[in-house]
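Okay, structure first, notes after.
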Amino acid sequence: MNRYLKYLTGKLKWYILTFFIAVFLNFFLPRFIPGNPVSALVAQMAGGGASSDVLDKLYNSYIQEFGLDKPWYTQFINYVLKVFHGDLGISFSLYPTKVNTILSHALPWTIALQAPAILIGWIIGNLLGALAAYKKGKFDSAFFPLALFINSIPYYCLAIILLYLFGVLLDVFPIGGGYSMQLIPSFSITFLIDALKHYLLPFFSLILVTIGGQAIGMREMSIYELNTDYVRYAKLLGISEKKITRYVFKNAMLPQITGLAISLGTMVGGALITEIVFSYPGIGTWLFNGIRQQDYPLIQGGTLVITMAVLLANFLIDIVYGIVDPRIRMAQMEE
Amino acid sequence: MKLLKTLLKSKKFIIGLCVFLLLLFGSLIFTTISSHDPAEMIGFLYEPPSKEHLLGTDNFGRDVLIELIYGMKTSIYVGLLSGIIATFIGTTIGTTAGYLGKTIDNILNSITNLFLVIPSFVILILLSVSLRSRSLTLLAMIIGITSWPWTARAVRAQTSSLKTREHVNMAKLNGEGYVEIVLKEILPYMLSYIFMVFVLQVASGILSEAGLSMLGLGPSNTISLGKMLSWALLYEAVRTGAWWAFIPPALTIAIITFSLLYMNTGMDEVFNPRLRS
Amino acid sequence: MGKLLTVKALKAYYKLRLGEKLRAVDGVSLTLQEGEVLGIAGESGCGKSTLASCLSGLFFPPLKYQKGNITLDGIDIIRTDKQTLRKSILGKKISFIPQSAMNALNPTLKIEDFVADVMQEHEPDLSREEAIKRAEERLEVLSLPKDVLKAYPFELSGGMKQRTIVVLSTLMNPEIVIADEPTSALDVSSQRQVIELMKRLLQMKITKSMIFITHELPILRHVADRIAIMYAGVFLEVGTMPQIIFDPRHPYTKVLMSSIIVPEKGMRERKLPLITGRPPDLRKRIKGCRFAKRCPYATDECRMREPDMEETDGRKIKCFHPLKGKEIKQNEVI
Amino acid sequence: MKLSNNTRLEVRELTKIFVSGRRKITAVDQVSFEIHEREIVSLVGQSGSGKTTIAHMILNLLKSTSGSIIFDGKDIKDIKKKIYWRNVQGIFQDPFSSFNQFFVVKKVLRDSFKILDKSFNNEEKDKIIIKALESVNIDPGDVLEKYPFELSGGQMQRIMIARIFIIKPKLLIADEPTSMIDSILRANILKLFEKLREKQGTSIMFITHDIGLAYYVSDRIFIMHRGKIVEAGSAEQVIMNPNHTYTKGLIEDVPTLHKEWILTKRS
């Protein structure tokens, strides 16, 4: 176990380094933006009528408040220190709302939308893929091109099409938002039912894509496993199809588990555009707003949250996978 | 030659290739011979399809069909260019790391892993945000630069296994140098694989462009399929039921990516016969 | 001694991508007596491994059955339905030791779990614990370590893995074991251990008979009672071990025997036969004797017509001009 | 057979340690031996004994950790690689992977002229190629325009030997050159090595796991075990009268035709 821990700390070091580089990129890249976002912000806040004197004062106070008058390395250190305190700064466009506040309100919506879609889609997709590999013949030849087609429709195109079909044409679902405008988020039955109505359409658009992708992956893995020597040997010893299917399923599943972990990790940033299509109040929609208004604390905050989720998920994969697959466990120990 | 001959045995590959080439050359030929300006406002906002405008007009009163053809051209252009860049970078880094090994491999491998873990879409967003003016070519380059790591990793793995082959040793004993060996003894063996990767990179480049466009980070002053979708969303085409403004570009993106993925599946079946049940 | 297994005029082919047929087994007949070890020898691509896998009656794609019969203990294996075949024949009456030992075990299953799966398949009432206990006893009888049961396949060395497979394949005391190149991937000492283990199983009557397939003739010299020489999908000569090894009659067998190189006295002075060419392409119909093109004794007759298998002095030969003479002459060059 | 006692190659305390992570594996451990002019020797060992690592170090495809290899009196570190490879060449185990499958035989053989110091035009090259192919009993018209996958293993290995007839090195390292070739064709290949020695005076080192083969072809044999040479001597002496326990066991484990092999009483 000791060596396993050693392996994990090694991995951890690497992830911490990656995290720092991600923070660095996150801080640095938006500063290449030509022009000054603060002047845009000031102009927007002041409207058309303010005198240049007032504008100047407002401008200077913002520059100081955001620390933009200091050299970039001081800004960077301040930024890193703040990030470590969980402070992502203040939004330009929704001044003086904190980015933390915006994102922490957005995150649950994103997760609530994505996590069930990924999990359920993953389960159904894997079952269908294994079935296609196992049944072969007609089922497979009908199923495979269909799965491939669904998988190759970009998820946001599917979202738009579903939105139009069920939201506009058939008018069975609301066409946007996480809940109706007139309601205030609460745990009342009316609100939950309303939220569910808004939920279903984006959910379906996501789950269909997940099913398609997972099914294709699982089918390929299963076909590969079905042709291995150990399956033949088991057949030669008279082992039943049922048991062999279990072996194959388990072994084909292992890479799929990584797939699940990766989709869960990329979940936060995985369906930005679905949210935009449905104006769903998650990270994607806020990031979209941030981009349109050049609100770079918000953009940075959003991308940082996405990156952190991915890093965390990758680290978890390394831990879990080492426990699940004996071969990997062995390889890790030897490193 | 042998490669091509085997490929032509796959129906899936041929169907995918034909659809893709049809769309590519269709849009190329149309945009060269036609005198239409896709940005010209020829009608009112969201006019439904009619004889003059087969797919109606968009939010600015422009002809959707003509926009669609121009958008198709830009999308395919971005896809191809970013695909070429990503495949080139990935193959170069992968073969260098895999063949030279040791310190250079360690450095390149760490860089690759870094890019693999930090989501490329995030880098893409941050880079695009930092640019005021985004030309098509610049956008394609950015997409290419952020999407090479998977290729590099796979190519590196294949190179480090190929370099232990005996014909590589033979080439060394013939006095051949590093570049010659990579080009002559290693790359040909990966050609089919690299081609498959390239096709996938083209598809993902097209999707990335569309995604960026919908986030409001699309190419400046150009029509692309993603920008058409983005306009349709921003200007309430969905709510007003103007299906002609968004269904055609959405379907076109889907058909292009499907044709590319279908090509890829066909190639996979030819090159990895184990998958044929 | 009764006949355990009879194969009659068996033909099987691989269906290739362009609809071509590769006739890997092209009319093979054999019998296996109770208590006997039959060796099948031949060079790569002669169809010996395909023949082995045909004997299971399963015909894994792209291998396809074409013609002929396989009878085991009076049961027609090819026409038995798959369920019966699986439940009461495979692993129980007839068992296999595969060629690719390295990958023959499920990498994520402990050996003991596989043991339980195999035994419970054939004795549904057996508990897992009992199955493992029986396997432990079996390992003890064969003086092999018990802890292999607790291991995953990748934790075993190549030799140990192959010995484990030998034990797994014989857990149900099968009447016939078919071993397909069971030692070709092993170094010489592991090879010897595996073969000794297989011999011991025969001596202890845990298994009754064996078909041993290999390209290494010196092994057959010590293992087989009878040997069949296979070439291009057919048997060219079948006889007792001493007949085939020390007194070959078919020109091909003769060449094969005089090509053997072993570390023993006189070897350095021996001249090896120089023959070139390669076996015929099994995708094409072959006219005449399959060895005619490379055979120094071939006549027009050989090239025109395929000889029948004829029995003389208790051996069968498929040749118009069999060689005579009793011992391999040390310096004979064909 | 006339054997000269001039040393062609001398290996002194050659060591190779592979490092992977924190683990160190000593593949070759202080090995010393020499090969004389016109001599055929065999380095015999089981898989993992380090014999192929030695072959790669002698071929200068792999750097040693310590020790030295001296060719014709000069340390190979001081010989330009191109010049060294004119004198020391190799043949490998798998004829299928020794060929770049994308090129025809003619191109493969023409490429081998690169290592020579003289430059040839294609016509001159082809003349030499045809002569070399005839020396290995191959009809040039049969193979020159063919791709490797159209040839048999035996043909390919003979073409690899034709390459040696072109380069004419002083020392040939042959790593398991017959292990993937059908036994009835093996004699053809072995005969060609004999011919190389007779015609060009080449010294040959066989790397093999096959004790019978080593006994049959070599003047001297080195037995290798876990990175060390445990026994060396004339073929007759090492195989018929082994001294070292490892060698004894090894030879006992090989099945022969006339000696009992299976110890059935072992239990």
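All chains are identified by letter, namely A, B, C and D, in their written order; residue positions are counted from 1 within each chain.
As a working rule, contacts are C-beta pairs under 8 Å (C-beta built on N, C-alpha and C of every residue); 3 or more make two chains touch, one makes a residue touch a chain.
Computed from a predicted structure; not experimentally measured.
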| item | value |
| --- | --- |
| Pair sharing more residue contacts (C-beta pairs) when C-D is set against A-C | C-D |
| Chain whose averaged C-alpha position falls nearest the assembly-wide average | B |
| Farthest chain relative to subunit C (centres taken as mean CA coordinates) | A |
| Gap in Å, rounded to a whole number, between the CA centres of subunit D and subunit C | 32 |
| Subunit B-subunit C separation of Cα centroids, rounded to whole Å | 52 |
| Cα-centroid distance, subunit A relative to subunit D, in whole angstrom | 57 |
| In the complex, subunit B residues that touch subunit A | 113-114, 117-119, 121-123, 125-127, 129-132, 203, 207, 210-211, 214-217, 229, 232-233, 238-239, 241, 243, 246-247, 250-251, 253-254, 257-258, 260-262, 265, 274-275, 277 |
| Contact set on subunit D toward subunit C in their complex | 46-47, 137, 152, 154, 182-188, 190-191, 209-216, 235-236, 239-240, 249-251, 253-264, 266-267 |
| Complex contact set, residues of subunit B against subunit D | 165-167, 169-176, 184-185, 188-189 |
| Residues of subunit C that touch subunit D when the two form their complex | 43-44, 143, 187-189, 191-192, 195-196, 199-200, 203, 215-219, 221-223, 245-246, 255-256, 259-265, 267-268, 270, 272-276, 278 |
| Partner subunit B, residues of subunit D touching it in the complex | 56, 59, 61, 81-82, 85, 89-90, 92-94, 97-102, 111-112, 114-115 |
